[in-house]
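The following pair of complexes shares a single chain, chain A, combined with chain B in the former and chain C in the latter.
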Partner chain A sequence: MKRPYYLFSNGRLCRNQNTLCLERATDARSPGAEVAGDRLPLSEIPHRINPESPTGGDGAPQGQSDPAEEPVATGAGRQRDEDAASQEESGAVSNSLTSDDGQPSGELTGESIPFPIESAESIYCFGEIDVNSKLVSFLSKHHVPLFFFDYYGNYTASLYPKEHLLSGRLTVEQVRHHTNQERRLRLARSFVEAALANIRRVLRYYASRLEEGTEGIEEAIRKIESIKKRAQEAEGPATLMGLEGQARRRYYRTWPTLLGGAGENFSFERRSRQPPSNPLNALISFGNSLCYSVALRQLYHTALDPTVSYLHEPGDRRFSLALDLAEVFKPLLVDRAIFRLVKTRQIQPDDFEERLGGVYLTESGRKTFVEHWDERLRQTIEHRRLERKISYERLVRLDAYRLTRHLCAPEDDPYEGFEMWW
Partner chain B sequence: MYFVAAYDVDERRVGKMLKIFRRYLTWVQNSVFEGELTEAQFAELKAEAEALMDPATDSVIFWNLQAQKYCDRETLGQERGTTGRML
Partner chain C sequence: MSAPNSAPPRSSFRVGGMLVGYYVLCPRKAWLSMRGLWMEQESTTVALGRQIDENSYEREQKEIMLTAEAPNGTPLIGKVDWARLDAGVLHETKKSPSAEEAHKWQLRFYLWLLALNEVTGPQGEPFAGELNYPKQRRTEDVRLTNAHTERLQEIVQSLQALSRQKSPPPRREERSFCQKCAFEELCYG
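Moving on, here comes the complex of A and B:
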């Protein structure tokens, strides 16, 4: 079974003949070129410009990790010019923070850790990792996507290897479903309905474990159900998004009750992001970006085009279909992971730090989260229809397959987003 | 399936064997490896090793432990290789 690898240490990821190696470097790390106000939203692709380079953005000597970001950065060139200007203004700020010359912060220690390429499903870089083009072609050949996270744990880039499962027919169907208002709405609605049903499940699951305050939860459940009814009559994807947001706000308001005693150190007023304002928001943001990456790497193994989406507007420079799919699985994967970690006190208030006006997980906090996350993805359930054990991660793939079937034959095999039944 | 594997091959083939094994499994000691493989991966690895080795003199052994949880691992002295997927 191929599994993801998570790199927390610094170093250089390289190909040594046919072996994948991590050459470890010392622990020193610096934040890089990120400055306040330069937070990247979940799905955007970065375009890092060295503020000190004489030529500005274009053609300047880049950090060694840049070639890795290139293949995915379709259209980043366009963005680059606009951003060069804004970067110049913020350059002064970033210089005062760190002398940022784009070079690795640590020194190579000479320790080299080979790990098996055949069992790597994807690679997550949380540390400061150097990458070169030989590695990129090697990973691409083995269909291994690479995900980058910056110093603060914000998701910054995916290296999405060359598509190997192409289907022109399916792409045409995807677009036809997108351009036909009725068909698009049908799919968008399925995503929202499934997401709301899963939220409801999560609420029910934790409400049954509560001793007090269940009335508040019951009320939230009723509210979410009424929103779900309204979603059935919604007239466009924008309305659906709004309804989904409403439901989520109501849902997040129940969190302090759901978390019970363990939650007293975690206050939660409202959802805020870019940057997250308190520890729970930091957990949600981090979890959501992991969930997005899971959806994306599952989509990679199907013939679906990850940029044509139904609920979210298909934007530039982001894989919006992965956002659609992630919406369905967030309650199951992200929210329950957060509840578990906070309630068992594996994540404590000292796992967070305040930086540049936002609250972020510390490196050890991220590690705890990712370890639990990985375990959770491997967890299996007995699938009702397939009558065999299916891992949580596989559920995402099955949903992508269902979507494919819907696109090919919407009448015979309509798509219903995955809904938890336990 | 969780495997422990070890090989003892002629000096001329040691390097080549190492490279094959490192692609599928995690190196833990000189010529000893462990890791999770699917049936297909196991078949591939066996085929590649078989093509390289000389059955008259070399030997490759696989222990199939089914799942990692059934194997109690205890190390004395230095842990030389790193298993696990958090690096």
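Moving on, here comes the complex of A and C:
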């Protein structure tokens, strides 16, 4: 079973014959201290210690735009920051050791961890990781995408292997549906409608657990429903994007209520992303970029071209179809993850730090998030049509298949975005 | 054995053995596969199939490429698993007999390619086919009759029409059948 690998260490990822090898940089300041926390398949969950966050480096954060909305997706790996050295220094975090029960067989405490490429579905680099061209072609050959995040947890780039399943005729249909106003609108609308339906679902779910404040929530639900109606009449993707944004703003205003007691420390004035202005915004930004990466990974296993999109404008440097799909899944994957983490107090105010006018998750906060995220993706639900259990992550793939069906037969088999049915 | 991975312009349209097998099972499956919308590469059952392919038999002759032209001019192509040329037998190895009908037609298709190339066994007799299911320790003899040849011609004709069809044929009705199909998520997800 292939799985994503989440690497938090600094160091070098390289090819060693037919395996991948993570060569961890040792922490110069405190030799012997382990820079663990890499989440490799089958490994135990790294324990959070060290709530004390490193103090800020003084380099300017790179690419602070909300990655899920404006990801900079390039074919090349991340450039090393000029001030990488100082960041590395200030970012050195000692952490607990991670026990490991299976693959990779390498000791996580070692400096060099080999792991079989066959077990890697994708690789996330949250630390400062060097790659070379030999590795890039190796990953590409095995169809393993690489996602890079900067020191602040901003998504910076992905290394998307060469397309391997593209279908010429399907791409033609994708483009036809994009260039034809009416067809494009039909799809753009479906993405927004599904996104709003899922938002509504999340609101209902948490509202039913509230003891007070339900009136405000009911009102938000009504508002979102009316926006959804207007979306049905919207005349262009730009209007739809605007309506979606409007609905989200209304939705976010309910969060402090929905989060209840645990949310007291999490005020939320407005959505801000450049940079995130408060902890909730930091969580949303981080979660949204993970969601984008999941959509992109799933698209990679289909014949769809991820650059041709409907709701979002196709951009030259981003995979905008992944943004379209991510919109549908954010409520289930991101928003509910945030609620869970905050309500159970797994994420607390000390998991954030202020840096250069923005608020970011600390490294340990990111680990906590990723740990929950990974479990969440593997959570399953009984699928009504397939009559078997399907993981949350697989639901994204199924939506890509629905879109494929739509493109082949828009009248007989129209796309309806995934909507939570539970 | 590979089906063409997209339906190219008619000039490069070719029919392969697996595509014929797909068509017999479900025309929609054949259409999706012609469009390059199949996902078998990923499926573990296919990987397993390949392994069995590679390990189960000492091959006497492996992977023989065959080409021919159907009477209506369609180029045909086949990649035969293995053969015992001196005995005049073509073999096809499969993981499980769950789609036996398709396997039989795939093998008949190869026998047809040999016939079209006027290849015969050592005594001038037509080649025979043998389906092998090593996991079940089972073999199945497959012959090519005149009726089969006619049916194969029809199938090739239908595939050609199908390749020009813009939308896929409908799903098969029986869900139990689709539940075994590698395309299930693409059809029902």
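The rule is simple: the second predicted complex is superposed on the first by the 338 of 422 C-alpha atoms of A that agree within 3 Å, B and C clash if a C-alpha of one lies under 4 Å from a C-alpha of the other, contacts with A are read in each partner's own complex, and residues count from 1 in each chain.
The rule we apply is simple: a residue touches a chain if its C-beta (ideal position, glycine included) is under 8 Å from a C-beta of that chain, and two chains touch if they have at least 3 such contacts.
This is a predicted model, so every value here is computed, not measured.
By the touch criterion defined above, A:Arg402 lies against chain C but remains apart from chain B after alignment on the C-alpha atoms of chain A.
Using the contact criterion defined above for the overlaid structures, shared-chain residue A:Lys229 touches neither chain B nor chain C, since it reaches no partner. Once the two complexes are laid over each other on the shared chain, residue contacts for A:Leu22 go to chain B alone; chain C is not touched.
When the two structures are aligned on the shared chain, A:Pro114 is found in touch with chain B, with no touch to chain C. With the contact threshold set out at the top, not one residue of chain A is in contact with chain B in one structure and with chain C in the other. Residues of chain A touching chain B in their complex: 1, 3-9, 17-19, 22, 113-119, 367, 370-371, 374.
Here chain A touches chain C in the complex through residues 165-170, 301-303, 383, 385-387, 397-399, 401-402, 404-405, 408-409, 412, going by the rule given at the top.
Those residues of chain C that touch chain A in the shared complex are 5-7, 35-37, 39, 41-42, 166-168, 175, 179, 184-189.
The touching residues of chain B, counted against chain A in their complex, run 19, 22-27, 35-38, 41, 44, 82, 85-87.
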